[in-house]
Structure formats: C-alpha cells, structure tokens
Amino acid sequence: MSREVYERLVEEFPETSLEYLEGKDPAISVKADDLFEVARHLKEKQGYDYLSAVTGVDYPDRFEVIYHLYSMKEGPGPLILKVSASKEEPEVPSLVSLWPGANFQEREVYDLMGIRFAGHPDLKRILLWEGYEGHPLRKDFPIEGYQTIGQEESS
Amino acid sequence: MPFLNDLFVNLSYWIHGFLARFLPLWAADLIMMLLTIACLIVFALITIMFINWLERKVIGRFQDRYGPNRVGPLGILQFVADAIKMFTKEDITPANADRVIFNLAPVMVVVPTFLILAVLPFGRGMVAADLNIGFLYIVAISSLTTIAILLAGWGSRNKYSLLGGMRVVAQMISYEVPMVLSALGVIMLTGSLSLVSIVEGQSRVPFILLQPLGFLIYFISAIAEVNRAPFDLPEAESEIIAGYHTEYSGMKYAMFLLAEYINAFIVAAIAATLFLGGWQGPSLPPYVWFFLKAYAIYFVLMWLRGTLPRLRIDQLMGLAWKFLVPLALVNLLVMGLVATLTQGKGLFPLVLASLVANGLIVAAVVIIYAFAMRRRRQVEVAA
Amino acid sequence: MTEEEHIAEQIRRNIIITTIDKIYNWGRRSSVWPMGFGLACCAFEMICAAASRFDFARFGMEMMRPTPRQADLLIVSGTVTKKMAPQVVRLYDQMPEPKYVLAMGACAISGGPFKDTYNVVNGIDTYLPVDVYVPGCPPRPEALLEGFIKLHQMIEGQTILTSPWYRKEVEREMPVPILGPRGLVLPGEGHE
Amino acid sequence: MQTVETRLRTETITLNMGPQHPSTHGVFRMIITLDGETIVDLEPVMGYLHRCQEKIGERNTYLQNIPYTDRLDYICSMSNNLAYVMAVEKLAQIEVPERAEYIRIIMVELTRIVNHAVAIGALLNDLGCFFTPMLYALEERERILDLFEMASGSRMMCNYMRFGGVRYDLPPGFMPELKSVVAALPAFIDEFERLLTDNEIMRIRCQGVGILPPDVAVGYSCTGPLLRASGVDYDIRKVDSYSIYDRFDFDVPLGTNYDVYDRYLVRIEEMRQSVRILEQAIEQIPEGEVSVKLPRVFKPPEGDVYHRIESPKGELGFYLVSDGSTNPYRYKIRSPTFINLTVLPELCKGHKVADVVAILGSIDIVLGEVDR
Amino acid sequence: MLGLGILKGLSVTLRHFVETYVSDLKRFPHRYAPQGRARRLRPTERGIFTVQYPEERLEMFPRFRGALMQLTNPETDIPKCTGCGICARFCPVGVIEVVRAEEKRDGQYVPQSYSWDLSACLFCGLCVESCPFGALYHTPEYELSTYGRQKGELIYDLDRLLAWGQKYAPLGTPPVEQEE
C-alpha cells in the first residue's frame, strides 16, 4: 500500500531525495527541510488525516523522528515517515499546524530526547519540570540521573 | 395510655410545682426556662450523634456494605469517637486567613441552628416558645446561616472556599423564595403563622393531601436551603475540594458538621410539622409520631444523597427562578381560590377541590413541558 | 513526701492518666480519617479497600476528606516522583497534628519497580516520618486493612505524656524540598 | 457559549486544580483562568507520575518489560500486556497457538468491561453521586478480578501473557466461573442503565457539554470511545482486525451529538458488545497448547516494528527498535490518554468549573499511562 | 418526563438497600458466626458484598502470587535451592541477592546466604518462573506490613523463607502443583 504512495510522492516532488526502506513496516525517509511540504501534500491530497504517533530515536550517528500516519477513510497500513536530524543541533519542522494532535507528542520528544521543533506554538518541557538540565532518553544520560544530596543518602 | 401521651408536660409541671414551693415564682420560671434550653441543647447533641451514625449506616447499606460497626455495638459510639478526635485535634488558623472572620464563622453557623429548635412543636404542649409568628421566625433565622457560610468562605482566603461562599449566597437566597411561597399555601389554610396552630389545623387531614404540589416545592427548596443531596454545590467535593469548609480543621470543622446535620434534621422536622401533621397521630404518644415522621423525611434526604448527581450552578438558579417560583405562585393562587370557594362547606369539598386543582396544575405543567420540548426539537432541527 | 506517699501518688496519677489515655486513644483510633489522595496504582487498591467488598468504613475511616486540614492519616499510595515530592511534603505539613503516614506499596517504601531512576524518589521516608510500611505492588486491600490495624495498635500504645505534638519546642514541620536543575534539593543544603 | 463583554470591570482568577484533587483521576493538574465560574483558559500540566518507563524499557530485557506494562494503565493490565507481547511477536515472527489467542481475547474483553464500568463510575463521582455508581461498578470489577486472580495469580498486575501465548493454561474451575460471570453481566449493565441513563440531572449535566466535532477529533488524533462518540467509525479491532477479531461479529457504537452524554452511551454500548464477543469466544475456544517454547535468553532479530491494539482507552501502540541484543534499543509507548488530553483545553473553553470536571471524567484518563 | 428518570434511579438504590437486609436474614447464622467462612459471592447473588476482614478472610487461589518461600527436599532435608543466581538475574528490580557456599553438602550446591528485599519487590513471579530447580515458589501470605524499615525488617533471609516453605509445602509440593 505504501509503495504506490511512495510512487505518487516521487512524481509530486521530483527534486527531493525520497528513499523507500524495506522491512516489516516499510517507511519513507524524508529530508528535514522538505518534510512540511510532503506532509501537507499527504494530508490534503492523499487523505492521511490521522497522525498516530511521533517518536524520537537516538541512533549513534544521528537523531531520527518517526511519524506514523493513517487515513481513517481508506483503511489500514501505517505510512511511516522517517526524518533524521544532526547529532549536535537536532532541529525538525513542527507539524502542529497540519495535525494539532502532534502538539503534546512533539513537546514530549523535545523534553525527553532534546530534538527542537521549529514552528511549535509553545515548545516547553511537558513531563519534567522547567529548570531540569539534560534530556533523559539520550543514550549518554545515566538511568539514575545526576545524583543530588537527597538522592544519595537514601539509596 | 394517656399518661404516656404528655409525659414530658406533666414532668415539667411537677418540677415547676416542686421549685415553686421554696423559691419565689419568678425564680422558678427562670429555672424552668434554663432547664428547657439545656434540654433542647442536649436533645440536639444526641440527635446529631444518632443522625451521623444513621447516615453512614444507611448510605453504606445503599452501597451493599456495612457502615461503621466496630466502634461500639453496631457502631453506635462512632460519633463519640469522632467528637473526641475532633476536639483534640490541633486548631489551625491559616497564616493569611482573616483571623476574626475565620474564627467567628463556625459559631455563627451553629447559633441559628439551635435558635430554630425553640419553635418546633415536639408534642402536644411540648414547645419551648409558642410564638405566634413561628414560621416567619424560622425563615428569618435560617437566612442567618447564609451570612455565616459566606463569612467562612471569605475568611479562609482560599480560592476554593471563596467559590463555595459565592455559591452559597446565590443558592440560599434564591431558594428561600419558593420555600416561603409554598409554605404560604399551608398558612393560608390555617390562618396563623404559629406552628402549634398549624399542627392543630391538621387534626382531621394532613395538608399533604390538600397540597401535594406545595409539599413537593417546599421539599425541593428546603433541601437546597440546607445544601444537601442534589444541591450540595457549596461543598461540592468533586469540584471545589470541600467548598467553604476547606480550611477548617478540628473543633471548628466539628461545628460545621454539627450545624449541617442538625439543619438537615430540622428541615425534615419542619416539613413534617407543616405538611404531615406534626404530632397528630392515632394511638402512639405525640412525640413518637413527630420523630417517626421527621425520620421518614430524613430517610428520603439520605436516599437522595446516596443516588443523585449534583446540579450545576446556573441550572440550580434556573430551576429556582424559572420553575419553582412560578409554580409556587400558581399553587398559591389556586389554593387561595379553593380555600375561599369552599369556605364553610366542611371538609370533603375542600379535599376534593384541592385534589382536582392540583391535578389541573400538574396537567398544565406536563402540557407546557411537552410543548416546550417539541418546540426546542424543531429549533434544533432547523439550526 | 516519704517514699510510700510518692509511690501512692504516682499510682493514683497513673490511674487517672491511663483512663484518660484509654479514652483519648480509643477516640483517635476509631475515627482515623485518611486523606483522599492517591498517586498511582496503589491508590486504586485503596479505593477498592474503601469499596463494598473490603469496606474500611467499618473501622470508622469512611470520611475520605479531600482537604489536608481535616485528615489525620496520609496514605502515600503510589510512586512519589521528584516533581510530586514537594507537593506531598507540603500536604503533610498542612495536616493538623496527631498525624500519621502510611507508606503503601513498594514505590512509596523504596521506589519499588522504578527504584534508582532519574525522576523517582527512593521511598517517601527520605522526606517524611513514616509510621507503617505496607509492602506489595500493589498490596491487596486486606493487606492495607492489616496495615490500618497495625496503625490502630500503634495509636493505642501512645500516651498524652510523651506525645510529641503537644510539646511546644518540638518542631514537626518537614522541610519542603525544592526542584533543582538536577533533582530535589532540601532547602537546608541547597548547593546551587 | 460565548462570554458577553460586560462593561463591569471583572478580574479573572487563576484556579489551580492541582496535582491533588478529588476528581482529576490521579496526579494531573490544570491551571484554569476563571471569569466568575466560566472558564477563560485551561492549561494542563502533567509529569507528576512520570516513572521513566521508556528508559527502564531500554535497561530491561524483553521478558522483564512485561511486568512494567501492567503498571502503565493500571486498570486494564491485560490489554497493555497484549499490545507489548504482540509487538514483540510481530518483531520476532512468533506463531501463537489457537487456544492462547482465544484466552487472550477473553481476558482483554473482560478488561474492557472493567475499564468502561470504572470510567462511568468515576464520571458519576465527578458529577456528584456520593460514590454509589462507582461502588456498584467496583462490585462487578471485583468479580472479574477474581477471574484474573484465578488464572494469572494477581488481581491487578496480571503479568499473564508471554511471547507466543500465555504463561499457563486456564485452571480447571475457570470456565464454569467465567460462564456464570458473563451470564450475569447483562443484568448488571441493565441495572447501571436504569440507574443513570434517564436520570434528568445527569442528562442536564452531560448533554450539550464538551462537544467535540468529528473533524476536530480526528485532527487532534483522539482515539477510542472519545473518537467514536464524535461519530467517526474507527475501531482498530475492525480496521486492523489483529489477532482473531475477524472471527467474532460485533458492531461499533457511534455517537450522534458528540457530547459527554454520548461518550457515556458509547461506553455502555461497548460493554454490551464485549459481552457478545465473550459469549462467542466461550463457545469457540478449542483445546490445545497455550505457549511456545522460547530460548531462555531471547534475542529477537534486528529491525523496528510498530504494533497497535484497541485498548479500552484508545489506540495503544508499542514502537520497538531492536539491535539484536537481549534489550530493546528503543521502547516507545503510544499512550492513548496522553494524546486524548491534547483536546482538553479546546473542549473546556467557555464552560463552567463543574463542566471541566465532567469533561475530564468523560475523557477517562489514567495517569500511569499519561505520564509513562 | 421530568422526574421519572430520577425515580427509576432511586428505585435501583432502594432495591440494593432492601436486598442487603434480605441477604443478612437469609444468611443470618453464617454471617455473624465468629469464624464466618467468607466466600466470594456467586455472580447472581445480591445483597451485602462485604467481607469483614480481620474475622472473615477470603481464601486465596492456588496461583496467588504472595510472599516467596524456599522448598526443602523432603528426603534429604537439604534446601532445593543451589544458589545458582538465575532468579537474581531474571528479577527486573534486582531484589534477590544469592551467595553460593563453597563446600557442597553431600554432592549438592547450597546457598550460603539468600536475601529477598521485600520493600522493592514487584511480586511479578519472574523469579519463580525462571528457577530451574523448582526451589522458589509463592505462598498465599500477603500480610507483611511492619513499623520500621531501617533495621532490615523488610529483608527476608534464607531461614525465614525455608520456614515458610515448611509451613506451606511440607512435602515439597507447592500449592500451584497441588491444583493441577
């Protein structure tokens, strides 16, 4: 199902470099800067009106943001968009203007993974408190967090 | 068993006679008055102990569980334990609370409750003060609690209490109007405000048979007056934590609890006096009849509390002003008409006429309601 | 005051004290009002303990008061995260004296399954004096009831003479931790 | 419900329905700006129960994660297990025997009934009933929890499902007990309806409150009863027809005027449909194996997979990235209630304080799953 | 119409109210007998649903995951546990610490010390599932509350687990097997 979508996308955006990744759940990898165009096209033209999940993954060489899109009318089969961002300055355009449901999910990915979303209405931490330093889900972050005085005595 | 009937009255005469032997007359009267006051206050404390226990057992039974049954035999001493704990609790006055108002409010809530007890006719001749403006006195005193609860809401400088206080003002004032109007129907039939004469007026037929609609309106607005069951917005636990008594702890909270439960019992007692014929009853002594009827109505109060959800504040107002007040006015008008038409023709035509009148009012309400619903549905379809 | 008189006087005084103690503790034991405050899964087992099958209203604890002012037992039922710890300690401070804390469930006792992670406090006894520990994840409602019975026995063992809350100089106010950049910091040794 | 601009200069107060509030279903906080009793703005604050589940997921092996999924949405632990276990089975291509599939469906549908009964009970608590409907719902839940305890060993945290089936077979006394409980369920649901559906006070409080039109619901990625009450026919059991849901016939209830009352009706109807599924599953359950022998040190192949199921609260999905080792490289939980809450500020504007409580009750959130 | 729905709701609660008294009378002798055997109400039974905990205790199912116990081999009276530590590795929170004794007791390894930290345990049963020697099982014991935690009241050592083993499975067969 996502094969034909990929074909139509390539016709629509000849100059962008789209890639089709095989695997249990086939995905389409998109560059960060033309993600917004592709997403708007998918939403308006191809009827992908439901954004199910926004996930951030911390690979050794890059950050990756994965979007799972579904169309409620046509039916099953997620369309998966994978966008990679650089390790030092992870920045991905925000899709809140297309799907308002992505608001909290993007804030959570920013809060736990540290990937900024350009154009997000109020990009703040959602699960941890404001003054917290560090993004816990990165591989270099220890699971116990940084020890503070209250923490050491008790454990 | 005539002896049992007015046991307490004979007792008071005997004490008065005993005192009059070696005290001047005025001193004996003074002591008698103090004695009745003390007896009323003791009666109030015993009632609250019994009601609190009864309420928790009955609501427990509604929910398929036992109420407190481990404290005394069947949990009787539950409120004694609560009282001991509450009196020995630390008394907190929040730092930024308005100290004077905060501490004054619980006292001001309890005082009117005890004042109303003076006028209730517990049995034949067993009334502390037989005022001839009995019902007016009750209405006047019960509106004092509004100010007291507003003081509590404002004094504790807490947003939730403030909301609770505002709600109490809106609710109690707008529910006094239908309460008084529906009670007027009864007073019109007896011709006097004094509760004792109202009860005597019902010796042949209780007023509930004459004015079932009047009773319904009175009952609904009385529940709202006491912040109970579907109208307990001022201390809505699920919305504004504990409403006006959020900041109160220990003894002060015990006062609020005392006032709340005794107010509920008094409202049930007044409803029994006005509409079910207070202590009128065939064989049992009068005071037993009074308590039977009062606790029957109190059971309905508990029943509503265990079942019904709460109204929203604007629906509450709408119910009072758009539904209860007009209905009470119509009921007053029709009852006045019926009373004058069957002036001297004895009992049977009066009962017949009032039942027919009530039937007509109810039919009118149903027709208007159905018409309004159809009209609303058309508007919705059109929109 | 010879020896015998002193002893006799002590005995007489004790008799008075013990009777007062007995009534005082009986009153407090049989009307412990828990605070309607739940954190996580253990809170749901607490609601089940209040529900019809294991009804703890039988012990006189029916009035689950939502405000800390009218509660005397703080049941810490669930995981105390670092973001929630200041609120829990402030609630404890707002409760009027003779107050008790019952740590319900592995998370409240020692952080449980989420022990040693960046956002969970390793047990509420880092910040609050805990009276009874009820282990389990979540403990069965009956285990919670057994915890209550243990708490009642403990209350019965207390006397007015040695109770800390009537002393003037005993400060039972727990310091409220502050959310620092790395985790919770007690106001005392805030090293930022 | 627009607010009339009055010349009277009124100040708005900000009210803190804080982490400790009787009707926020746990430690969820809403900062509400009030004008009198009407709500001008609402900002949800979460994270008070963030228990680092995803970081722990990366530290644990695949098997050790199963008890942690029970603690996500602690009211329906069986459906959390199912979502995680099916994701790993899709990753490692494990075949599940027939009888295990039927046992799983029976357990998940029982959980759905428990969840909807408790959700309605909690909604009525917030509307003001003095715990009575909640205690009737909990009574029914106790009977179903006895079944879970008989089969899996623990009332709430079942930890019953394994990759390739279930931990052990149903005990001998289970089927007759299940039949009698399922036979008694319709009577319970009818009684619940008699108590609540035509109750005028409940109707006034719930009808026309918190209206969520279909396109806004889809835009805000709402799922579950919240979405179906807005008239969108999207039930993942029908759309993906995962596991053996295609063998049962049940229909998906939809709402007509998208308000809190419709969410209540949709949940009641879904409970009846679950009873229908249970009856069919009890007849068709075959005999046979219930689990597949897996190596003690279980290493799924490399790759990433996303699997979602229709949990009672909405679309619960697990996104796993495996690098071939015993621990998942990335363990992401797509939590339905966390995303359903995005629409809360939109729904509550212009309503009263009492309505916010009703709307939050109708969205039916559980903080273990919201904050993960 | 106005009021009928409320009356229907009220009738439901009244029915519950009356049924509690009916069920009390029907089961009068049993309900208040000192050792009233509380049993789980049949789904169709109505009325009082309460199990009065300290006096009446619900009887646990064989598979109930309560506190842990160590079994001993009835013939040779040696604990079945060999201190291999697989259960410690399978525990997601790491609450079990096992140290294996050097010298074997007549040909079988024996744990020198075994500690189970109750305060952080999940009661998830992964350790019981993973034990290859069938030494570790659950007991129906759930009353474990204590007053203190500092002096190790919540950390159970080997002999306490063995004592429970004797109590709940004297012949070496735990409740789970008895049921099959």
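Just a few scattered comments:
We call the chains A, B, C, D and E, going by the order they appear; numbering starts again at 1 in every chain.
Note that in this section a contact is a pair of C-beta atoms (placed from the backbone, for glycine too) under 8 Å apart; a residue touches a chain by one contact, two chains touch by 3 or more.
Keep in mind the model is a prediction, meaning the values are calculated, not measured.
Both chain B and chain C are touched by D, E.
Touching chain A and chain E at once are the following chains: C, D.
Remark: the per-chain Cα centre closest to the mean position of all protein Cα atoms belongs to D. Most remote from chain A, judged by the distance between CA-atom centroids, is B.
If you compare D-E with A-C, the chain pair joined by more contacting C-beta pairs is D-E.
Distances between chain centres, each the mean of the C-alpha atoms, put B farthest from chain E.
The distance from the centre of chain C to the centre of chain D, each centre being the mean of the chain's C-alpha atoms, comes to 32 Å.
Here the spacing of chain A and chain D, counted between their Cα centres, is 25 Å. Averaged C-alpha coordinates put the centre of chain A at 62 Å from the centre of chain B. In terms of their C-alpha centroids, the spacing between chain B and chain D amounts to 44 Å.
Annotation for chain A: residues 127-129, 136, 141, 143 touch two or more other chains. In chain E, the residues that reach two or more other chains under the touch definition are 2, 6, 9, 12-13, 16, 49-50, 52, 92, 122-123. Among the residues of chain C, those in touch with two or more other chains are 51-53, 55, 58, 66, 83, 111, 113, 115, 117-119, 123, 125, 137, 140. Interfaces, counted as pairs of touching chains, are A-C, A-D, B-C, B-D, B-E, C-D, C-E, D-E.
Residue ranges on chain B touching chain C, taken from their complex, read 56, 60, 63-71, 75, 77-78, 80-85, 88-92, 237, 241-242, 245-250, 253. Within the complex, the chain C residues that touch chain B are 23-24, 26-32, 51-53, 55, 57-60, 62, 65-67, 69-70, 72, 96-98, 165. Across the interface of their complex, chain B is touched by residues 13, 15-16, 21-23, 37, 124-132, 135-136, 139, 195, 199, 201-202, 204-205, 352-355, 357 of chain D.
Residue ranges on chain B touching chain D, taken from their complex, read 59, 62-65, 159-160, 163, 230, 232, 236-241, 305-315.
If you check the complex, the residues on chain C that touch chain D are 36-41, 43-45, 47-48, 51-53, 66, 78-79, 81, 83-84, 87, 91, 113-114, 117-120, 137-138, 140.
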